[in-house]
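Both complexes shown next keep subunit A, but they swap its partner, so subunit B is in the first and subunit C is in the second.
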Partner chain A sequence: MTAEVLVQGLVSGLLMGFVYALIAAGLSLIFGLMEIVNFAHGEFLMGAMFATFWAWALWKLDPLVSLPLTLALLALLGLLVYHGLIRWILGAPMLAQIFATFGLAIFMRAAAQALWGADFRLVKNPLVDGRVSLGGVFIGLPQLVASVGALVAFGFLYWFIRRTETGLALQATSQDRQAAMLMGIDTQRMFALGWAIGAACVGAAGALLAMFFYIFPDVGATFALLAYVTVALGGFGNVPATLLAGVIVGVVEVLGGLLIAPALKYAVVFSLYLVVVLWRPQGLLGRF
Partner chain B sequence: MRRAVRLLSLALSAVFATASASHAQAPKEVVIGVIYPLSGNLAQIGIDSVTAMKMAVELYNTKSDLNLPAMKKTTEGLPGLGGAKIRLIVVDHQGKPDVGQAEAERLITQEKVTAILGSVFSSVTATTSQVAERYGVPHMNGESSSPSLTERGFKWFFRTSPHDGHFTLAMFDFLKDFEKKKGVKFKTVGLMHEDTLFGADSGKVQEELAKKYGYEVVLNMAYRAKTTSLDAEVGRLKAAGPDVFFPTSYTSDAVLYIKTAKTLEYIPRMLIAQNAGWVDPQFVAEMNKDIEGHITRSPFALDLQAKKPLIRQINELFKKQKDNPGGRDISEAPTRALTAFTVLVDAINRAKSTNPEEIRKALVATNVPPDQLLMPWTGVRFDEKGQNAGVRAILQQIQKGAYATIWPFDLAAADVIYPLPGFKDKK
Partner chain C sequence: MPAGTRWTGASILLLLLLAFPLVFTQPHPRHVVITIFLFAMLAQAWNLLAGYCGQISLGHAVFFGAGAYTSTLLVKYFDLSPWLGMVVGAVVAVAVSQLIGYPVFRLRGHYFAIATIAVGEIVNTLMINWDWAGGARGLFVPIKRPDSFLNLQFHQSKQNYYYIALGLLLLAFWITRKVERSRMGYYLRAIREDQDAAASLGIPVAAYKQRAMALSAALTALGGSFYAQYILFIDPDSVFPTALSILICLVAVLGGIGTLWGPLIGAAILIPLGEWTRIYFGGTGKAMDLLIYGALIMLVSIIQPGGIMALAQRGRRRTG
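And now, the complex of A and B:
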């Protein structure tokens, strides 16, 4: 194994890690806010990727151009899901909450297949295509743009949560629902907002991912497990920690595959996750 | 009184006569359980296969003069069973062995199917066939290529198509033939396979044969199926740099492999794929120029239609099916399903019964001639393990966005493109 191959692996893993992180961010946000794990998170991603694909196939909109549309569409989906489903099960036992989002996941997957079939689709000839070579290390331009996009999205999310009044209200709600209510914060609105933002994050991730990944009804399941691991590794509810965890997962995955064995790359990721969770059950930067 | 007794006995014997007649009468329908992937990664393959089988059912249930097994007939339904109609019960195994197992159990015990057909994934076929074996129900398979499936000594399991042993043998025979013809010499091979039964068996057979044929295996790596990235895998390939690369991947991973190889600029001199993703028509359409020159093994070739008019006839029918939006050409997966299905129906027709043992005996006695096959095989005859002994694997190369048969050289419709062009040259 030459140094060049290792550096290439490191770079590839890093780029993918940012995208993993953005996918996981929405999941983390929603959990932090109301302690509900959205099992349909992968299907939200699938929805975003299909939206991107159709915008390209029908109107020739490049994924980067249609990104704001996808983002808005997913935010709307988040609101819909919150008002149509989640609001009704807020006080229900945890098992009911699990089954509700799990059922939604299966429904969305089946609906996508019924509507669009099971074929693998690709957005062809996007604006950003090809790759650059830096001293023998290749960087795919779509991957580069996707990771930069993910970082921008993270920056925006961080600014919104930490610097705006609504963001502060969101934080207050996630810290103590009762107290926030007493302070005059409309917690129901905050929950709905959380779902909208969480879904918008995954919308952005889906649009960026669609530039270089295939799209089909089950694509969400491929990423969902990694998203759960990323969130748990970073610490549930801590959005910036998700960025760190995503990068760790991305890099460990590739380096594990290079240095140990490709068949074991996820085993390496999950072992690391287990070690971290044993040592810090709340995740690397978790708050409880 | 006597008259009354006579009348009564007449009436009774009439009742018995009709009762026994109706007992001996052939069933009105033959129910066949079809277990295919209709959701998940390989759903399109399952959907296309079911479309082909439904098309065949329609042909069996009406008059038809197509030269497929038991299909040339002047009556509706199956002549051997007094015109019984065929009904399919189609179920989805989602690519999961446990779901396949449960569905097989349900089809046999609840739906009382006469036979089972399925299931594409070798790992699922392994469990569904186990259930069929336990209940003593014939299980036909047209596409699972793991050699171990017919090595288990099952009494009720039959496979029409070649397994990875046959296919892999063909790949290496081709390499030797090619070396001789072109005066080149390959030294090293690299293997990459997904980690379900299909990939694991493929990797094992390829490694064994590569060594036997005198090639050095510089890399044999399994990877997690449905992975999110293949950066590490392609990185390793690039570092090892084998002359010939053999991937075994389903469509999703095959797409990812091409994308990653393109980004990391990995081009072996020759690529020979173990079918799966590389024979998905959508894959060829989507990847287009990026897979120009890739070779895959296949049991079916559309470009053989010049030599086999049956292929053209079936293809025209297939394109008109309502479950085939866009009128796509018939591809490898549906032809394999169609072949297995027609061989099974032929056996049921010859058995003249839906009794499992009778059907099994008829399957053992199967002898379908080559002119009734869409495949370039020498026929369908099952050996004692239930494996078709008449199989013949061919190799195809993707040339200008379509499959061209390149080996065996006597069947070849085109010359081999060699070495593999770089991604830049494929514009």
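And now, the complex of A and C:
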């Protein structure tokens, strides 16, 4: 293998890693708030991609144009899921929580299949298309725009959590629910907000992915799995750490595909996760 | 309920189950009950690790697939009897479980659950790419004629499969009952409640988790071997998917985990329901069956997270 191929792989892995990080950030945020893993996270992503697709197919809206719409729609979905499902299982055993969101995942996937069938769809002729050459490395423009968009969204999320009053209240709730409540923070509202923001992150990621990825009812499965591994790799509830972990996952995926076998790239990613966990069970930057 | 009544009830149930294929001679009802037995057994195996020891594995399909593939490969390439294949499959599954257990038992809660999903996906991917074992195309179990008990193949009727599945289910129940009442059972429950406290009392936590995993894996592999010999075809998609791991725990969760009867109750409800929704809503290709399934799972999680056994126990407390 030539050095060029390697550099090419590293760059595309890095770019994809930013998108993975954005997907994982929503998951991590929700977990940090209430120790619930959203097993329907991939289906949220699928929903966002379909929303983007239909905005394009029905109203000729480009994915980048409809992005704010998708983001708002997903935030709404997050609120709906929190109030309709999650609020009722906050005190339930972990297994009931796992299965509530698993049930939601099965439901959403089946609903997509019932409504739109199992076909693969693609947004054709998006605003940004083609590829550019940067110092001999070719980069697909949609991928580049997606990763930059993901980085911007990630930055905005980070700013919101660290710098705004609401963000601080979120952090406080995530650190100590009881104490936050005593300080006058409405923790129920924070939970709902967490689901809205977490889903909005996926909404942005889905809109960006829809520019260059096939859209079908099962599309969330692979991305969700990568997101779980990303979150666990970085450390649950640690949102900034997902950026590092996302990049690692993206790069390892590409390197695994190049150096070992394309068909085994996800197996390589998951194996790496198991190896890391042997050494740091709490994830790279996690507290236990 | 006094112990005497309970044993009478269990004996009557067993007699009914033994008589079932004599009354229902059609293949379909027998097939549904065989599937119930199989999933009750798998859920019981999962229950040993998750229900009694508190380790929520979402990758049990690995052991199921290990059993299915080991017995099938041994028949295909070495012409070994599936009965022997079953035993070898269980040994392979135990070996795999110990290998997996070493890294994943260092994790807790969601970290553990996600690591087991990752393990399942790794094994699934490897099997898809392993050509000697059929790769993505899968494997047909070589057909042997005429029917023979030694080859575990009965083409005339499902009756023998029925009794074998029932036997496996009874084995799983018997083992769980034994564990439940032994020192190991108390250790496992102590680990489930508070593993730090258990460790401080001198319980070798890691060793007992591994032991529970080994037992659970061996039983699951027996179920996998039986499935392969019953269906006569396996591929990674049917014996290694995460969806199968989820279904196994779903059966146990619906019935009530950490109880002896939960897995059987869960299977007796969920399997016919799945069968029914598939037949009445699945034929349209619109995934209506899964829609109902998903909604039902959410409902159970909200209304009765302890499963049906918890409902029964609550009812009993009220009347007693």
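Observations on the model:
Everything that follows uses one rule, which is that the second predicted complex is superposed on the first by the 285 of 288 C-alpha atoms of A that agree within 3 Å, B and C clash if a C-alpha of one lies under 4 Å from a C-alpha of the other, contacts with A are read in each partner's own complex, and residues count from 1 in each chain.
Just so we're on the same page, a contact is a pair of C-beta atoms (placed from the backbone, for glycine too) under 8 Å apart; a residue touches a chain by one contact, two chains touch by 3 or more.
Predicted model only: the values in this text are computed from it and were never measured.
Under the clash rule set out above, the superposition-derived model of subunit A with subunit B and subunit C contains a clash between the two partners.
In the superposed pair of complexes, A:182 makes contact with neither subunit B nor subunit C. Touch criterion met: A:13 reaches subunit B, while subunit C stays clear of it. Contacts of A:120 after superposition on the shared chain: subunit B is touched, whereas subunit C is not. In the superposition on chain A, A:111 makes contact with subunit C only, while subunit B stays out of contact range. Using the contact criterion defined above for the overlaid structures, shared-chain residue A:58 touches neither subunit B nor subunit C, since it reaches no partner.
In the overlay built on the shared chain, the residue A:263 is in contact with subunit B and with subunit C.
Within the superposed three-chain model, A:3 lies out of touch with both subunit B and subunit C [touch as defined at top].
Residue contacts after overlaying the shared chain place A:140 against subunit B, while subunit C stays out of touching range. Once the two complexes are laid over each other on the shared chain, residue contacts for A:254 go to subunit B alone; subunit C is not touched.
Once both structures are placed on chain A, subunit A residues 109-110, 113, 217, 261, 263, 266 are touched by subunit B and, in the other complex, by subunit C. Looking at the complex, you find that subunit A touches subunit B at residues 1-2, 5, 8-9, 12-13, 16, 20, 109-110, 113, 117-122, 124, 131, 138-140, 143, 212-214, 216-218, 221-223, 226, 250, 253-258, 261-263, 265-266.
Those residues of subunit B that touch subunit A in the shared complex are 38-41, 43-44, 46-47, 192, 195, 221-224, 226-229, 231-233, 235-236, 238-239, 251-252, 255-256, 259, 262-265, 280, 282-283, 286, 325.
On the subunit A side of its complex with subunit C, the touching residues are 31, 35, 37, 85, 88-89, 92-100, 102-111, 113-114, 217, 225, 228-229, 232, 236, 261, 263-264, 266-267, 270-271, 273-275, 277-278, 281-283.
Only residues 50, 56, 58, 103-104, 106-111, 113-115, 117-119, 121-122, 125-126, 128-129, 246, 249-250, 253, 257, 286-291, 293-302, 305-306 of subunit C touch subunit A when the two sit together in their complex.
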